[in-house]
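Letters are used for the chains, namely A, B, C, D, E and F, taken in the order the chains are written, and counting of residues starts over at 1 for each.
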Amino acid sequence: MPYVNIKITNEGATAEQKQELIAGVTNLLKDVLGKNPATTVVVIDEVSTDNWGIAGENVTSRRKKGL
Amino acid sequence: MPYVNIKITNEGATAEQKQELIAGVTNLLKDVLGKNPATTVVVIDEVSTDNWGIAGENVTSRRKKGL
Amino acid sequence: MPYVNIKITNEGATAEQKQELIAGVTNLLKDVLGKNPATTVVVIDEVSTDNWGIAGENVTSRRKKGL
Amino acid sequence: MPYVNIKITNEGATAEQKQELIAGVTNLLKDVLGKNPATTVVVIDEVSTDNWGIAGENVTSRRKKGL
Amino acid sequence: MPYVNIKITNEGATAEQKQELIAGVTNLLKDVLGKNPATTVVVIDEVSTDNWGIAGENVTSRRKKGL
Amino acid sequence: MPYVNIKITNEGATAEQKQELIAGVTNLLKDVLGKNPATTVVVIDEVSTDNWGIAGENVTSRRKKGL
């Protein structure tokens, strides 16, 4: 019954990679806590680099600096 | 003053249907808990079927199987 | 498959009232969008009035003023 | 190490304004609680006015009424 | 830079199990998407079974039925 | 009408400090985007250090190391 929300910047993750995240997190919750995969929900949000900040600076600016 | 976030897959909900959700949840909170509609906020997120997983599988794949 | 998060202040909602919210939201999603109740998840967060602000003021202070 | 999520309606905030929000919130957490900016994360979600409700009505309708 | 929120019911997960979730999700994001562990944040919310609903029913009631 | 969620570790923020965050974020949204304070909602979540991870390690462990 767990619910997992993964937020990443929108920088080209493929459907296959996102499927790997969904399967990986679902398995982790089964292995560590015995949670039933049938009712484990995973939602991935892909966020514009203009809308994600760390260290007080958006990721668009950080990428231009090579960070 | 409640805040409600509804996440659904992005599969064609119309503006009218989303308005029904907004009105319905707001009324429910007034009826059950006496919450003031004037400050009840509802936010609906529509998520790509590639980005929503259940049972370890994304919804795009599940739809192809008729699930 | 929807996921709904309801945030309210922690001011004495009973288990029965919270069950009414869970059932009410689940029915609303079935009625409006045909969503399957079996995989509809509702999570209620009850938040301290010190930790909820509106109009720039926490709810603890607002309650003392009769707001 | 704080995480801040700001949700606003999608009504034309510029990248510069969003950068001001990111910098402003990060500074606020440093000034009030001594939080380290290097690990302060800010994520801004811009939500369609059809998908945001207040007082039981979506913002698209409210804007047409001048609200 | 990812942010992950894991919500589970409050049914006795130990600090060690929660640490396994934190390490496991962080590694998954590094392995699948090359994300830097140093800025990967994981937050676990443990929710009362009265406040978690699935299939229109809270988990407290479901546990009494052996579900 | 913005909604802001601030997540911090549960390490002794006072009601006065949390009120400063509420007022500060509300003012920031008014100053940068002209948002109406009357309908700006701020919710602060204080999270156990066992339940917050960064760099694959929970904050309880990090604090013991002086991080």
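Operating definition for what follows: a residue touches a chain if its C-beta (ideal position, glycine included) is under 8 Å from a C-beta of that chain, and two chains touch if they have at least 3 such contacts.
Please read these numbers as outputs of a predicted model, since none were measured by experiment.
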| item | value |
| --- | --- |
| Co-neighbours of chain E and chain C - touch as defined | A, F |
| CA centroid of chain A to CA centroid of chain E, Å | 14 |
| Whole-Å gap separating chain A and chain C, where each centre is the average of the chain's CA atoms | 25 |
| Overlap residues in chain C, where contacts from two or more other chains coincide | 1, 3, 7, 25, 39, 41, 43, 45, 52, 54 |
| In contact (per the touch rule at the top): chain pairs | A-B, A-C, A-D, A-E, B-C, B-D, B-F, C-E, C-F, D-E, D-F, E-F |
| Residues on chain B engaged by chain A in the complex (per definition of touch) | 7, 45, 47, 50-58, 60-61 |
| Chain F - residues contacting chain B, complex | 1, 3, 39, 41, 43 |
| For the chain F and chain C complex, residues of the former touching the latter | 15, 18-19, 22-23, 25-27, 37-46 |
| Parts of chain D lying in touch with chain F, wherever the complex brings them together | 1-9, 13, 17, 20-21, 24-25, 28-29, 32-33, 35, 39, 52, 54, 59 |
